Each structure stands twice: as structure tokens, then as C-alpha cells.
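Chain lettering (A, B, C and D) follows the sequence in which the chains are written, and residue indices restart at 1 in each chain.
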Amino acid sequence: MLGNTFGRLFRVTTCGEAYGEALQVIVDGVPPGLELSEKDVQPDLDRRRPGQSKIASPRKETDQVKIVSGVMDGYTTGAPVGMIIYNVDVLPKHLAQYEEDKDLAIPGHADYTYFVKYGRFRDWRGCGRANGRETAARVAGGAVAKKLLARKGVQVVAYTKELAGVRAREVAFEEIVARVESNIARCPDPEAAEQMIERALEAGRQGDTVGGIVEVIARGMPPGVGDPVFDKLSASIAHALMSIGAVKGVEFGAGFALADKSGSATNDVPYVDGERVRFRTNNAGGLLGGITNGEDIVARIVVKPTPLISIAQQTINMVKMEEVSLASKARHDPTIVPRVVPIVEAMVAIVLVDHMMVWRGYSAFVEEG
Amino acid sequence: MLGNTFGRLFRVTTCGEAYGEALQVIVDGVPPGLELSEKDVQPDLDRRRPGQSKIASPRKETDQVKIVSGVMDGYTTGAPVGMIIYNVDVLPKHLAQYEEDKDLAIPGHADYTYFVKYGRFRDWRGCGRANGRETAARVAGGAVAKKLLARKGVQVVAYTKELAGVRAREVAFEEIVARVESNIARCPDPEAAEQMIERALEAGRQGDTVGGIVEVIARGMPPGVGDPVFDKLSASIAHALMSIGAVKGVEFGAGFALADKSGSATNDVPYVDGERVRFRTNNAGGLLGGITNGEDIVARIVVKPTPLISIAQQTINMVKMEEVSLASKARHDPTIVPRVVPIVEAMVAIVLVDHMMVWRGYSAFVEEG
Amino acid sequence: MLGNTFGRLFRVTTCGEAYGEALQVIVDGVPPGLELSEKDVQPDLDRRRPGQSKIASPRKETDQVKIVSGVMDGYTTGAPVGMIIYNVDVLPKHLAQYEEDKDLAIPGHADYTYFVKYGRFRDWRGCGRANGRETAARVAGGAVAKKLLARKGVQVVAYTKELAGVRAREVAFEEIVARVESNIARCPDPEAAEQMIERALEAGRQGDTVGGIVEVIARGMPPGVGDPVFDKLSASIAHALMSIGAVKGVEFGAGFALADKSGSATNDVPYVDGERVRFRTNNAGGLLGGITNGEDIVARIVVKPTPLISIAQQTINMVKMEEVSLASKARHDPTIVPRVVPIVEAMVAIVLVDHMMVWRGYSAFVEEG
Amino acid sequence: MLGNTFGRLFRVTTCGEAYGEALQVIVDGVPPGLELSEKDVQPDLDRRRPGQSKIASPRKETDQVKIVSGVMDGYTTGAPVGMIIYNVDVLPKHLAQYEEDKDLAIPGHADYTYFVKYGRFRDWRGCGRANGRETAARVAGGAVAKKLLARKGVQVVAYTKELAGVRAREVAFEEIVARVESNIARCPDPEAAEQMIERALEAGRQGDTVGGIVEVIARGMPPGVGDPVFDKLSASIAHALMSIGAVKGVEFGAGFALADKSGSATNDVPYVDGERVRFRTNNAGGLLGGITNGEDIVARIVVKPTPLISIAQQTINMVKMEEVSLASKARHDPTIVPRVVPIVEAMVAIVLVDHMMVWRGYSAFVEEG
């Protein structure tokens, strides 16, 4: 496996599988003097962990994080921050279940591609690293990034925009911040949330699953961040978000709706607001030429319905190369959308810190005045 | 500026501005023994260049490419392939026009973000490197990638799926290949193409522009390619495509339509087809867990309407910090969607070559048997 | 801090300080199917750990490694291998000692540069990550690399070539392998070893320290490995070796002795040996144009005398900016040269695996025949 | 071929062969507002080019550089600086000569390793990219780096320390700067220079070649630059210098002489000099723990005797796999040491700019005060 490190200057490296011993994360590029303890990291882990609600997987992981390096007397030292999260809910009965089905490809899951790529030695216990469990390490890294962004007045917030066909109405940023944690759908529109939860529960009762859309907003970014060719900030964010399992699309600002619009209708008009330049609309999602324009960065991802369902499906035995029927007995989530919310925030925060560092680095030789 | 290199093992580095002297591209990672000449690169450049049709910019660039290194006696030597494309249509009257408006932010364009980032020394001649002209270098690099992919039986084809609200009907892969170049919309559905062209012309007559959707398909990829965590093949392709100017979203397979679907309805069912595993549907767009599953890779991007229009718009003078009205007199495209088609193919081809190399590299120590 | 990841495809990322909680290492790029357990890693850690002999630091670290990810049922799965080593010998009295002197710059040590770079939040407990303790994580990563190299018949062996002015005589490769662990100097020439130990002990008795030279040989590398411009194999090895604390120089083959030689005297003459090409001498140290030629890779590094001594030295209080005298009471090594031996092997092994992977990756599109 | 890009934020990418059409270099990371023209680059190219003196190769390359992107109205724009250098002295008779001997491995040269790596398609015209000609592109990139360093008061100077066994006496920095160009040996000690030239000429008359040592000094670096684990500044410089063809070793400060010294004799003692910390000696070569300490960075490399000689040598025909005698008729340098001087400066300058940018980037989130 490759690609377990993300970022250029601010770099997050992770390891760990669904049913292995532990997850580790090493966050490089953390400056000295940031107040940091497990208390800063745990809340986001708690928002991501299984067993948190009736629409999430019943697996019981506590996701207790321990910082083992990079912090002394409550402050970062400049050394890489190392963290470890031990897996605790790894029972023999679960492993036995996974072992029984290990030659079967769960439709929509990565079993088949892992089988092709890593062969018989692959970790078939919950599909190892293809399991969403690896994202706990991302969330831990993202918590550090968020604390850094707070120093610059940048806030990254995500929420469930759509679930099982129910779409939240437009909600102001402050309201999103205030209400996103007020329900288990992580949707700041309470009416929509209620319906979302109902539909997810109904899907769960049927052994089925539902997909949705998560929107993420980064407020407070200064204009000028992002590298305008291959490493546009939009490209980096897309990379980061598409790297989350089950994500099948990403869009910025007006996104796919721009396909049948005209330039005159969608160009955001700039205006002068005191010392600042602002824009009357935000179809661009805060990014022009891949560089922040000072408006909110707004992106949305689509999360496919969790592939693991308990309804019987046709599939194959990959070793015997024959077709079989599979009705999974493994624990699963009726929907993972609300759990994806903190992961999205984490990945966006990591990208923003990295790009802000790179920008500052690039400016090292710019002459003042 | 940073981020002018793309790729890990197969790397494309570019430079050059809209109205500078020349574009250069250096393609690293090209193996020895590939038959290569300008004739392999020119056709894709011709598909991208301005002045090619009545719905493209009237700028007259010949985009003649010259290979200056890495090729001897008609074959690559293993050394990086260096290419240069001189700009020829850089007339004083155009530069004078750009100079006149250089302090104004064209709405929807990167003038403002470049102004913030690079200040008064930035290249304001057609916005320098934010101009689509830089993509000629990408296309040159992509042409090399496509030739390599052909060796493995991989074909990358893109086409206009939607333009100005007109959507092409579903067309079989072979038909796309056969017909994409048969009209200036690069749409293999001739009826749709006709309407698309009409609408683009109409927008052009009004001094306006239109957006659209480009779909890209890669056929022939072996299963197993892609790194399953941060460097999922889907993440790398999203990065590559989002790095193209004017692209505001990307989706794979069923994409955003998955938001209101259930797992039971969208999981692709695998089956045994002789020696191969295949899937009865392709909602996954050929990628499971970020790794190819052997089906076609299918992605779509949304291209925003070109921001440069000749209709008067409100904007600002960035130096004087005051609001002004601007009706651009610069040459522009009623739509860039058909010109984006070869760029999309180029970027996808570059990513696929890179990931196939990385996979092979990763496998260096795998024991046979 | 940055730069805690090493390698391109085979990547080792580490964290952890001298007196922190633990060291973590994440090894990315490990293929599936490699038999691996703590038993493969522990021996090299034991060769590196303090307290192993009377010429090493008396600190009592057991350096017990625990693999927490990437291995299932005794074999690697393809997922990154995560390991953790807890620090055990962190006593209050040591920390109190470090705290007392924390504002003083130990001459020759990184206190001053860390103070400038990381300021008052830096980890002053044994200088944190500047302490040689971080190399335990490298050695753990290197043990994985060595097992991979063994699959290809490549062997990496280092030994003490010179210590405190005593130089070992030329010893054949097989003898080095057989004897390097037979004495605490890690010198395969027993007479020299005896003198080396004596001089190190004498230095230790005086509160002083001594430097030396370590030679490393990699046997069995196929010809053709290394990238001939910026990433010559020699450049990568030099980078890797110079990244070890206390190393102040590196040379290959005849090295600095080439300065006053002629081309006719030092060119290695190739000859045909059955199916193979070999060379009559090895002044090149196995590398021509930065690429392996099939002969042994031979490199040497110079290790400066450990800067931490107990003899009183003039130095400064960095906070008060005044000059003071310091006679360190911290535990230290009379020489670290024998402990550097396994670190050198580890770093060279990591580089070789990485370059072999990259070469294979580069060759993915080479046509056979 | 891979590895034709060097640097993290400040990145130099090159292509071009000894007898190809042209060399190209793309310098990414150049900030806007740097006054730059060909006049800034040409002088260092002239110091490197062949035909400059009677102890250099008689090949007549003018090495005229043309900037094709990244500069407008005499100032950099922030876009990558693209440059091209056309080869002019590529005569049919030279190519015919190379072709005649193309199956022979010149001893000490990279023919054999290129043959193994790139096979029959490799560029055998002067060994293509293994030829020192590629370094012209490095020097062009380095000239930009030097101009940036000058803004920070950093000066990088190299000179011939030893040639053919003749060693220059110690010379003060200012004298080196003043005198290094006063003779064709690039040695600031005139007596030594005279002997060096004599010996090189004598070697040339015999068809032989000589090696030497180049010392490089960077003055004015602020303390705190360099990443203390894998990317120590010393490691990056070693990587950069070892990537220059013919370099077989690198050392810093007291270097290999530290092997038989004691800590008490070689630790550099810090002292307070007004607001600054300085050191009474510089055995460390300006680097502690891989980080600058504010003293001069001092490094030395050994350059092997140019392998191409006209004395008959035994070698092999690589295709026929049989031994032959070769007395090369190609143009060659009696010594390349004086020509390596500007290349060393270029590579060190590139590394310093890159590390200074990375440091600034890392500091982006450090809180003031």
C-alpha cells in the first residue's frame, strides 16, 4: 500500500486497520507553542466513532486517543505529533464472521479490488484499511489542523445537506455552527433532520442503506491562498475529499448547476467594502483560478449509500470464481453520512493549513514595499 | 507560483503564459523505446487550440510543438522529453488592450486573486498563467501519456456530455470514439451537437458564454490500480481534473445521483465472465475503494461558463479600489467546453500512467507464486 | 518540524523524542506476503540501544518494539506497518537535570539551533528529537527494508572502519558479516577492535568522547538502479546517511582519495565474466553515473565525537545571553560509532528498497523484447 | 528516467542531452518582483561552459540562454521561469565518432549503466544526459537562486581547493570572492593555481585527467534553517552535491578529519557577540543538528578525475560481450574541477532558497510574541 501520507508541508501519515491492534497518526509540520492535549482531539473522534447513534453502526469503539510525542507540558514542541488509538471492540465472533465470508466480494465494497491488489495476504477483517475505521486517524490529524486554523480566525464546518433524498433548506453559517450537533443527522435544519433520520431508520429496518450530500464551509480564509496550476486549492480539496471512502463526487460553489448557466448570470461581481474586496454572490465557492478570493470556501460531496447491507445480493466467491448469494451479518451503518461530517472537516482543515504554509513559504523572498 | 509539476513517477512540468514567449513542458518518466515525434503530439494540440471553430476564441495560435530532448532517431531514449511551443499571435494591439484594463478585475476570472497573490508584477496579459493557454503544455504531456497507455490497451476518450443545457443521449463507447470529432461541439450525439452549437453561437452573439459537462471514459484499465487511502485513483483523477481552469466539480459513475439512492439499488453486482470478474452495472465508475475494478473508469466534470464576456458588468479597479463598469473587448470563447475535451483526456492519461507506474513499483518486492 | 518522512515509494515516517512517551514509525510501501514479526525487528534495535556495552551510554532502554498494524497472522497485508516503542527509562532525576541546564547550549549539540528554531516550547529533555533516540525508529523501519532486500539476494552490512584514530585493516565481505558482532566496537578486525575499545574507554574515563568512520557495503544489487540526474543513487544514499545525527561526511568507493589521482589510475576496467559484466577494481564504489554497476556499493561516513562530554566547557546561557561554564552530568556515550552501525545499515536498506521500487515502476511501460 | 526535478518549494526541473537540440529548465517557486534577465544568468553559464580555457574541453558551446516565460518588463511575475539553451556545436563528425564507439563502455563513465538501464534506445551521443552538459541547466536555475539569496544578504562562493594533489592554502572569504575568477583553475591562491594548471596541462598532454576538491562557503545564512531529522540541511546539501556527476564524496566543516579527534577538541564553543551568538571555531561547518547556526556553511566535495581519457584502456563491447581496447578520440577536459565550481554554487544556492522557503512556510502558524 502506498499513499498513506497527505500534505506537502503540513503532513498527516496514518496506519491501522479495522480489526488490527491500533491506529497511529503522525502529524508533521506542527509549530511549537500550540496548546494541545487529548481533550482537543477527542471531541471530533467522538463525532466520528461508531455506536454514537441509532443510525450509525453498533460497533462499540471508544476511540480514545493518546498523544505520545510532540507535546510537552501541554504545548506542542515543534516535533511531529504522534497519536495512537487502540481498537477495543475486536471480538472473536466478529472475526469468525469475517473469516467465514472472506472469499466473497461484498458488492460495492473494496473486497474485490483489494483481493486483486493484495491477494491472499490482504486483511479481510472488515476489509482492513478499506474500512472507514482508518478515518479516525484523519480526524485526529484534522483536530490539530483546526486548532491551527483557529489562530488565524479560520473556521471549518460541515453538515449533512441531503440524506436519502431529503434536502436541508439554506441555513446561515452561524446557524449551521450552532445547530449541526443538535441532532444525529448533523443537519442544521431540524425539520429536514427529522425526516432524514426517519428515512435512515426505515432503510436500516429493511437492511438497506442510504446516501447523501455533505456541505463544507471554510470561513475566514484570507484571499491569495492556492497554487494556480496543478495545485489549485480546489484541486487539493477535491483530492482530499475524494480520498474519503464512499465519496463519489465533489463540487464547489454553484457546482454542477453551472452546466446550463451563462457567464453573465453566474460571474460573481466584486465590490469594495471598506478596505476589503467582496463579491455579491458566491457561485465560485470562494475560489477563482484555484486561489481563495476571501469569500467562504463552499464545497459539497456526495456520499454513496454504504455498500454493506443485510439484504441478500448476488456476488462472487473470488477464490472459487463462482457466483453466490450473500446476506451480510456484519454490523453496519444505515447511513454513514453524519459520521462523514467530521472527516470532511478534518480533510479540509488539513488542506487549508498545508496551503497556508506553502503560501507563506513561497513568499519568503518577496520583497516588502 | 508553485505547483507547476504534476505526478509522482510520471511527471509533467510546465511553464509559459498566454502572451509570453513560449510554453515549455518537460515530461519525466518516459521509458526508452517509445516511437515519438511531433506528429504524435500535434493532433491533440490542434483539438485544443483557439481559432479552431466558430464557437472557440478567434485567437490565431498555431500551437506548433517542437520536441527538443528525450527523442533520438524517432524513439524516446529514456531521458525526459522536452517540448516547446512558441506563442505567435501576440500583437501589440492585444497587449495594449490588456494593459488598458489591467487594474480591473474581470468578474469570474482570476485577476483579483492573482493581484492579491502576485501583486503589481503579475502578468496581466490575458491573466498570464491563469489563462487557458497553459493547458496546451498539459495536452502535449498528455499525448505522450496516451501513447504509453496504448501499449497496454488503455484508451482515454472524453466528449461533451452537456452544453448550455442540452444533454447528449447515452452513446456507446465505440460510437463516442468514432464520432466525437465529427462536429465542433465534440458531442457524439449529432442532434444534441447541433443544438449545442446553436446555443453557443447565440450566446456568442449576445456577448455571453455558456457552460457544460464533459464526460471522460478510460477503457482497458486492469483491475488493481490506485492507492486506497489518500491517493485513491479517484482522488488523483479529481485532483487532475479540478486543476483545469473553469472546472467546478467532478463526479464518478453515478455521481451526485447516488445521494438519494439506496445501497441495494446502486451496488454493482459482480459476476464471473470466463477468467474475468465483471460487474452488471457501473455505478462505481470503475473504482472501488479508490482502486480500478476492471470496468470503464467514468468521470464527469462541470465547466463553468467562460467568465470573459463582452456584456457590460460591474466590477472594481483593484488599484484605486473603486467600482467601475467593464465590457471586455478581448477575444474570447462563447464556450470552452469542446476545447476542454482534449485537456481532460490529457490529465486523465497522465494520472493513469503515473498510477500504473506506481503500482508496478510497489509490486517490485512481491514474491511470485 | 518537517522532514519526518523519508523515501518516495517505500516511505518511513517517524515521531518521538528522547524523553517523550514513545516513538512511532509507519512504514508505507510494504508489499503483502512478507513474513514479519517483532522478532525480525528487535535484533537490530538491540544492536542500536543504549546500555548495550561499556562504551555506550548507560541509559537503560529496552527498546521493545510492538507491531500494531500491517501484519496479520504473521504476514504483512500490504497495509502500512505501524510500530511503537515506548520509552521506559525516563526518571524524574534525569528530567530534573535536563531542566536545570535547559537554557545552556551544550557545545556541539543542537540546543542552540533548536532554541533558535523552536524557541521556548522546544523539548529540552535530552534535546528531544535531536537526540539519537529518534534513530530507533529508523532502525525499526530499516529492519523491514532488509527483509525485503533479502528476497532479492541483497545484503547490507556496516562496521566500524576507524575509531579514535585506530583503523581496521581490509577485511573480506564474508569475514565482516561473520565478525562484526563479535566485539563491542563492531569492528571485524579483532586487533584493531581491541585498541579501539581501549581508546574509547580511556576517553570515557576522561569524560571525553571519540569519533570514527563507519563503512557500509551493499552486496547483490543488480546493475541499473538509480536515477541519473538529481536522484542518483549516490545522492540518495548521501542524503540518507547525512541525515543521521553526528555524521559530517560521506564518500563512495575511493572517495576523497580520488582528489590527487589520475583518470588512467582510477577508472575501473570492465570485463566479461560469463554472462555478467564485472569490474577489475571498485574505485567507483559500485556506482557509475549514479546508477549501480553490479559491484558492491561501498560508502563511508565520518561520525564526529559525541558532543556531550563531562569535561567543563565554555558555553552560553541562551536566555540570559551570557557566557557560562558547563560540565554536563547527563549520561552519555564515550563513542556512538558502534551504535551508528545498525542505523547506517537501516538507512541504506531503506534507500535501496525505494530505488528498486522506483526503477520497477519506471519500467512499467517498457516494451519487452 | 526519473529525478529531473530538484527541490520542494523552490523547484528546478531540467531536460536536455549533450548532443540533443536544446536544454530546458523550468524554475518554479520564483516570487514576483525579482529583476531578472539573461544578463543575470549568462555569467555563471560562461563560467561553466566548455571551451573557456586550455584546461577545459575544447567543445565550442556558446551556452546562450533565453528566458521564455516568467519574466515581464524585466521583472519576474511569479510564474515559473522557463529558459532554453540551444546546443550549437553538434557536428556530424562528432556524432559519427560517438556512433562508431557506441557499443563500447568508456571505463569510469556511465555508458555501461545506461546501457543496462535504458538499453539500445539510450542516447549514446556523448552519453546523453550522463554528460556534464546537463549541468548548464542547473547553473541557469542556480543563477535565479543566487539572486534571491542576495536579497537576504546570503552569498555562495565555491573555489578549487585542491587539484591534482596541489592544495590551496587557507584564504579568507573576501579574498576568495575577489580572486576566484582571476585564474583558470578558479583557485584564489595564485601560487597553488599556477601549479594546478601546470599539472592539469601535463595530464592533458599525456591524454590523462586529474581530480580535485571544491570547497563551497555560504555566508550570511540566518540561524535556524534546516529540518532536523531526514531533511537536515546538511543532508539536502549532500544530496544536491552528490547529484553532480563525478562527485564521489562530500564533507562539512572539519569533515573526515573528525574521525580521530575528541569531543573536547572539536566542539565549537559558542559565545555572545552583542545581540548575536557566534562560535569560536567552525568545525561544524555552520550546521548543528542539521540546522544553520549562523556561521558560514562550509562543505567540500571530491571530484574524480574525468573518466574520459585518450590513453588506451581495456574495456568491453557491451553488445558483443567481448573485451576490447579503447583510446577515445572524443573531446574531453584534462580536468573538470574548475568548471564544477559554478555548478556547486548553483546547487547549494538552490538548496538554501528551498530550505529558507520551507522554514518560512513552517512558521506560518507560529504565534508572535
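The rule we apply is simple: a contact is a pair of C-beta atoms (placed from the backbone, for glycine too) under 8 Å apart; a residue touches a chain by one contact, two chains touch by 3 or more.
Please read these numbers as outputs of a predicted model, since none were measured by experiment.
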Pair exhibiting more inter-chain C-beta contacts, B-D or C-D: C-D
Of all other chains, the one whose Cα centre sits farthest from subunit B: C
Rounded Å distance between subunit C and subunit D, as computed from the means of their C-alpha atoms: 26
Distance from subunit D to subunit A - Cα centre to Cα centre, in angstrom: 45
Inter-centroid spacing, subunit D versus subunit B (mean Cα positions, whole Å): 38
Residues of subunit C whose C-beta touches two or more other chains: 1-5, 9, 14, 29, 32-33, 117, 129, 358-359, 362
List of subunit D residues in touch with subunit A within their complex: 8-9, 29, 31-34, 148, 151-152, 353, 356-367
Partner subunit D, residues of subunit B touching it in the complex: 1-5, 9, 11, 13-17, 20-24, 26, 28-30, 32-33, 66-70, 72, 75-82, 84, 117-123, 125, 128-129
Interface residues, subunit B side, partner subunit A - complex: 1-6, 14, 105, 107-110, 112-114, 116-117, 127, 129-130, 134, 162, 164-165, 203, 208-213, 223-224, 226-232, 234-243, 245, 247-256, 258-272, 277, 283-285, 288-293, 302-309, 311, 313-316, 318, 321-323, 358-359, 362
